[in-house]
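Each of the next two complexes has chain A plus one other chain: chain B in the first, chain C in the second.
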Partner chain A sequence: MTLALWLIKAQFQTRFTATLLSMLAIALGVALGFAIDLINTAALTDFSRAMKSVQGEPDVVIAPRDSAASVPLAVVNRVARDPAVSVIAPVIEVRVRIIDEPATVRLIGLDVLTAPTVMPDLLPRQSAEIPGNLFDDGVYLSRALLARLKRKAGDQVTITRGDATWQTRISGDVPATRADDLIAVADIAWVQARFGPLDGVSEARIRLAANTDIETWKKSVAATLPAALIVKGAADEGARVSNLSRAYRVNLNVLALVALLTGGFLVFATQLTAVAQRSTQFALLGVLGLTPTQRMAQVLFEAIAIGIPGSALGLALGYALAFAFTRLLGGDLGGGYFSGSAPTIAAAPLSILIFFALGCAASLIGAAYPAWLNRTQPLAAALKTGFAHRPPRAHKRRCILLGVLALVALSLSQAPAIAGLPFAGYAAIAVVLVMGITAAPLATHVLFSHLSRYNLPPAQRIAVQNVAQAPLMAQVAASGLIVSFALTVSMITMVSSFRVAVDTWLDEVLPAPFYARSKATPLPQAALDALMRPDAPFAKRESAAFSSLTLDPSMPAVALLVRELNRDDPGARLPFTGPVITSPSGQTVVWVSEPMAELYRVVPGQQLRLPLLGRDTDVFVGGVWRDYARQFGSVVISRSDYEKLGGRFEPTDLALWPLAGQDAAAKNWLADYVKRYALEFSESAEIRRLSLSIFDKSFAVTYALEAASMMIGLFGLAVTLAASVWLRARELATLSALGFDRAMLTRAVMFEGLMIASIGLAIGLACGIAVGALLTHVINPQAFHWRMQLHVPWLVVSIGAGLTLLAGLGASRFAARQTTLLPAARVLGGVQ
Partner chain B sequence: MKRRAFMLSCLLSAIADASPQYAKVLRGLALQFPRDHGAHPDFRTEWWYVTGALDLPRQDIGFQLTFFRVRTGLAESLASPIAASQILFAHAAVTLPGDKLLHAERAARANLGAGVSTTDCDVHVGAWQMQRNPSDVFILKAQDAQFAFDFSLTPTQPKMLQGDAGFSQKAARAEQASYYLSWPQLRVDGGIVIDGKAQRAQGKAWFDHEWSSEVLGDADVGWDWLGINLADGGALMAFRIRDAAGATVFAHAALRDAAGRTQLWSGVAVQFQPLRKWRSARGTDYPVAIEVRFGPHVIRTKPIIDDQELSTRRPAMVTYWEGLVQVEGTLVGSGYLELTGYSGKIAL
Partner chain C sequence: MLVVSGLTKRHPNAPRPIFRDLNFSVLAGQTVALVGESGVGKSTLLNCIAGLETAEAGSVQIAELNMMALAEAARAQLRARSIGFVFQAFHVLPTLTVAQNIAVPLLLTRVPVAQHALRVETLLDRVGIKDFGVRWPASLSGGELQRVAIARALVHQPQLILADEPTGNLDPRTADEVLSLLLERCREQNTAALIVTHSAQVAARCDRVLTLTPDGLQGLSA
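== the complex of A and B ==
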């Protein structure tokens, strides 16, 4: 043991930089994975807590599948009489605007007789100075809302929604709301009388008797309810919340895993060179009685000695990263799934343990091959000439292997998603990377054998020969570059493909120059009438209304878009991905988005049953259109069809085309309405800019991971090149003794580095594009359900390749100079 | 329980903007049945109140189920079917002899989880219900985590209109009165679940239905009330209303013997005398053993267990004593004693 520790110490002292770098790489991998896990756990907890605050913790919720519909009072009253129901707390929730305030507010109407059991946090509190009570005419505002509006109890307020208004008074607050809940609470009957729905409620939240089996009860009640209502359990809610960001989360975790494995690779490089450099030492120890197993264990000990501090550092770093990221980007890492304040980061002991173990495992896996090599070193040969390595396997076998791997990758890329996640796609990416590494020795051998036939200057010639004959070090250096460059190229490719696609898509979905929205409350009729007047400076206006449909309680709802578009020419407004089929005469037609088509297996031309307006309605699917905005699907229906079904069209969004040359006049004309109705006005260019900036923000983490992976690749290159030069110190010293000067030697080593880096970059580029294609065409459609064209950003890739090459040259120059500084006599004297 | 409903109505209406016109209780109105078994939503408060003592599954198990209707005077002109103008509360309790009192409560507004008929006795809050069927059998259902019961109550005697043909005076002032009818000696059959164990139940019960708009005067703080099924088939109801000093403001007793002859006593002819006080965990002293003298009779109450204090939370805290007692003296029987207004003012 003392020997083991002594050796570890010696190893750290001699290869201080390399060891430190390996440690850092492991730390980086652990940090990224741990940070993602921390942030995500925190965000989910935070999100769930926020949901609980306003929804309470009912055992079961009865809700309409169409958010525009309601739960009939008759259903509430019938279910209330079920002996298993302990409390049924009905709720009416509407989005309203408070006059003179810009933002819209959630107004929750509840019954204080039933709410305490199910949603205690929403209980209003009557202000002591205000006469009246909780059943009376009055609203209660959360502290955050009171602060935001700068109002107090006793103030009069006018609440509006569309054309309905309610003049009332702030009667108190909602003391248990969270610091950032912007909500208003009132008696359910007052909300119903002012804003509807007249004979129903938005939701019925139910607490069941303690000994009730929730699932069984859910099923039995669901059977008695109309199809347009849904019975959701707490488990569904959890699944839905988790589903919201699941694919995004898994994607990030896979990236973190890649970072970790790259760290493992660096350990591999370091340990391999360490084994090679100390082969004489180990051989000596072997002769003195160190068994082969002990020699193997020693290398593994050293790996663990890197892994433990690396992982520990990684955990600390991850915690710091998580903290910084949530402050900068929010809990969804810019993914846009959860909005709200920055969540609190708290680490679970289990996840600390898992990531610590992962870091150590990566380092052990990295050291496995070098350890095995150390075990199998022939002692006598090593004592005499140093490190020995088997010649590479036959090229023919390697070619066959590559072919087989290519076939495997190809078939994996065709496999469907498993549990909604593209696991086969991830496997295909791994196979492509293995292919790249497998191809490296082949390429090295072919290139260097080829080069050795040319009439090169002697120094370079020797370098070329050297690599062609013993390509292990070259292979290791190249592999690192292949993997890291491939990952970087693939990410850049994927993000760029996506960005180009979103850019084009934005052009198609934003045809009008101006947009105005009333933030989820219907536009007042007066505003709509004014727009239609002949003196309004607009050539064309189109409005849209939104609601959501719950098709599967464990999935986030599908958006329903009611649009003023020509049902015979929907292509004028929607970017279709395929053919548009005209519906059989008279039938209601809808156009589904690409995610909706994939998630619910819908094809154009088929019949689809949708829970529209509180009843099941058969509609015809006229086509599939591209929608990058709503990951969980959306359905478009024309206003005329919606009204034919009996729906009330209450638009919230306007698209406006000013008369030719009257942009400024139209803006002025609108300004008045924008102010009066607190509309959100934007020009299409602005929306574009904003959308793209959100897009870029959402890939911030991806960029961070790319940078990390590139750094690790460069570390690897530097370490292995330095080591390979080290190994040839004897050879270089001999050459020096033969009259080569230092400049010549340095050039030779740099030439070698350049060649190896080129091979790595070339193979990395090829793999990167292949992986990019997998990400774009397999991972994205399977995980996020959107498709796009592949777009390789050649300029950025070339710049990246150039910089890497320069960095490689720098590393080999440094290595060469270090070695050539040693006095030839000392080297030749046998001191390594 | 009655006291509680009263305080509730005060709480709700005292702060309403405009006091509504509550219907007045008038002497000489002939009650119509089954119509008057149903609700009278124009009046401020109303309750349907069943108390009883079981012989099966065990002797002296007490039970109680009450439904209150309160006209809050709020949101009466509001165009909403779920306005909080009529609120229903329900309260259920089971006294286990030698053990403890179990109780639970429910509340909901009419048409939003609760409902009441205006044509017959049919009232529910959630799954709890009290319903009369055409053959005068009452169905009672209540269930909670600790207990549940499902009883049918079959009359063995005619109903008993209290006071003057159902007009029950509560004070010297004519306005302080209620319509009040009782139905003693009801036979109880059904099932009871205690701690998850379902058992057959049998016993005797007492039904009260009372509605009014104004019962207590400003100085009154509470009342003592008892309704006793006598062992010989007779029925006794007596109450007194107290002021803050504990003095009797008004007292009344009604005795119907097994043959159906009714005798009434009022004013000083009815004397309530505390015999023994029990101090609850909350520190309230209740005269759980009292002596009542009326005419030739002297009776004493003896509680099955002392701790039958109740505290309800919604919408405000109300604490009182209500429980099964045995009656000894010139008359012998068992029934419920209610002691309200001993725990001081309620906190808003």
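== the complex of A and C ==
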């Protein structure tokens, strides 16, 4: 043990920079992973807590599958009589607007007797100045809303939704709501009278009697309910909240793991050179009686001595990073799943332990091969001539292995998602990277044995001969570059493919020059009428309404888009990915989005049963269209079909085509309405710009993680190239004693570095495009249900390659100059 | 102490063995000089005895154990316990101090830590570099380094010292001093020694001289 400590200390002193770099790389990997985990967990907890605050914690919820429908009162009354039900709280929730306030407000109608048990956070407080009892009259506003409106209890407010208005008084506040909730609470009967629905409620939230088995009860009740209603348990809700962002979170975690693995690679490079450099010392220790296992353990000890402080530092750094991030930017990492709140960071002991272990594991994995090499070094030879690594010349076996790996990767890429996550795809990526590493020795062998046939200057020729004979360090340097360059290229390729696809898609889905929408509340009829008047400066207007359908209680709901489009020519408005089929018998036709088709296995031409408007309706799937906006699926139905089914078309969104040459006039004309009804007006160019900037923001963290991996990879390249030069200090000194000057030696070493970097870049590029294709064609469709074409951004890739070459040349030059700076006599006469 | 019997060594791909069927023994406390032309296989023989290289046939008995029959880890442990090695090229660990270098064999043989300092100090004194313990190897001359190597070979009181041209890199006077030291200490500790040398003077000061020739060992009965 003492000896191990002595050697570790000596090692850290002599190779301070490389050791520190690998420690920092491990720390960086752990920090990124831990920070992402902390932020995501905090955001998720925060999100569910916000959800619970409004929904309370009912055991079971009965809700309509179609958000435009309702739970009939008859059902509520019948379920209320079930002996297992202890409390049933009916709720009506509508999106409304308060005059003079642009934001949308959730108006929640509660029953004063049942709400306190199920939704304690929504319980209002009667203001002392207002006479009467709770819910006698008026609305109660959350503190955030009161602050925004700058009103107080006793003031009048006008609440509107579409054409309905309700003039009433603020009777008090809702003390337990969260700081940013814009919520108004009123008696359920008042809300129903003003805004409907008259024959039902939005949801019935149920508390069951103690010792009722929730699952069994849920199933038995579901059997008695109409198919258009759904019975959700608390577990479904948790799963749904988690599913909402799961693929995104897992993807970020995988990226962070990649950063950690590159850290492990740096440990590999450091420990390999450490082993090579000290081969004589280890051989001596072997002669003195250190067993092979002890020699191997020593290398692993050193790795753990890098891993433990690295991981600890990483945990601290990750915590600080997460803390700063949530303070400055809130809980959203760019995916848009958790916007608007600054959650509290809390580290669970388990995740601390996991990330600490991951950091240590990365260092140990990195050191495994060097440790094994150290174990198998022949003592007598190592004492005489130093580090010996005779690579097996099994090139044929390697080629076969490459073929097998390619087949494995190919079949993994065809495998389906597991639990909605593309694990096979991630595995395929790993296999492709392994292929790159396997190909590195082949490529070095082919290139350098080929080069040795050319008539190179003597110094270069010696360098080439050196790599051909002792290719290990060159292979390591090339492998590191292969992995980090491949990952970078693949990321850039994926994001660029996505961006190009989104760009074209935006063109297709934004045909009109102007858009106006009234957020979640329907547009008032007066505004719609005004638009239709002949003097309105518009050539064409199309409106759309939105609601949502819950097809699976544990999944986020599918969006239902009711649009004014020609049901015989939907292709004019929707970007279809395949054929458009007309329904055979004039049946109701819908067009599903790509994610919907993927998630619910829907194909064009099939019949689909949808819970539309409170009853199951058979519809015909006319085609699949591209939708990059709604990850969990959407269904488009034409307004005419929707109304034929008995639906009320209450549009919230408008697409407007001004008369030719009257853009400015149209804008002026609209300004008045925009102001009066608090509409959101935007031009298509603006929406485009905004969408693309949201897109870029959502990949900012991805870019940051990739940049970190690439940086670590470049460090790895520099460290390995430099070390491979330092290892040959004696050889270089001998050459300079023979008459080679410093410039010749430097050029030779730089030539060697250039060749190695080129191998790494070439294989890295090939692997990167393969991995980019996997990300684009396997990971994206499986995790996010988006498909797109591959698009390699050659310019950016070439710039990256150029910079890497420069870094490689720089490292070689630096190492060569450092090494040749030492007087040859000192190197040659130095202590072994 | 050391019994070598039937030892045959052939390098892989070599047409014929370097040596064939060597038989000799070294008694406890006996000092033996091994001489022979360069390239005849002296270092190879020493490596085989120490278990650093494997031989084709034969046995090497050290302290009642057959080195050739042991697994690699057990060979290393046997070396740690029973053998001290001195090389022509000194071979000290540049990153450990002189005292730490000398203490390495003690760490490998589980000698109680309390005794280390005393043993190292004593040996430093005995090999004539009393105050060198805290110095780094890079600041020592060749002769001093070889004294460190001798101290390291003796510190754990092995039964056998193997020395491969221990004075080959030193000037004649220093060589003489270092060798006297080695022989004295071996006799003092009753340690057997097998010393490869080209020097007739050195050979003359040993108890026995063995000559390795391509045809085998000579001087067995001397």
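Odds and ends about this structure:
By our rule, the second predicted complex is superposed on the first by the 822 of 832 C-alpha atoms of A that agree within 3 Å, B and C clash if a C-alpha of one lies under 4 Å from a C-alpha of the other, contacts with A are read in each partner's own complex, and residues count from 1 in each chain.
The rule we apply is simple: a contact is a pair of C-beta atoms (placed from the backbone, for glycine too) under 8 Å apart; a residue touches a chain by one contact, two chains touch by 3 or more.
Keep in mind it's a predicted model, so treat the numbers as computed, not measured.
Measured by the number of chain A residues touched, the leading partner among chain B and chain C is B. In the superposition on chain A, A:112 makes contact with chain B only, while chain C stays out of contact range. In the superposition on chain A, A:189 makes contact with chain B only, while chain C stays out of contact range. Applying the stated contact rule after C-alpha superposition, one finds that A:80 touches chain B and leaves chain C untouched. Once the two complexes are overlaid on the shared chain, A:88 sits against chain B while remaining clear of chain C. In the superposed model, A:220 makes contact with neither chain B nor chain C. In the overlay built on the shared chain, the residue A:199 is in contact with chain B alone; chain C does not reach it. Applying the stated contact rule after C-alpha superposition, one finds that A:209 touches chain B and leaves chain C untouched. Common to the chain B and chain C contact sets on chain A is no residue at all. Only residues 73, 76-77, 80-83, 85-88, 90, 111-114, 116, 131-137, 187-190, 192-193, 198-199, 209-211 of chain A touch chain B when the two sit together in their complex.
On the side of chain A, the complex with chain C involves touching residues 2-3, 6-7, 10-11, 13-14, 280-281, 284-294, 379-380, 383, 830-832.
The touching residues of chain B, counted against chain A in their complex, run 12, 15-17, 72, 74-75, 78-84, 87, 107-109, 111-115, 124, 126-127, 129, 141, 143-145, 196, 314-315.
Note for the complex: chain C touches chain A at residues 47, 50, 52-53, 72-73, 76-81, 83, 85, 87, 89-96, 100, 104-105, 107-109, 113, 137-138, 145, 152.
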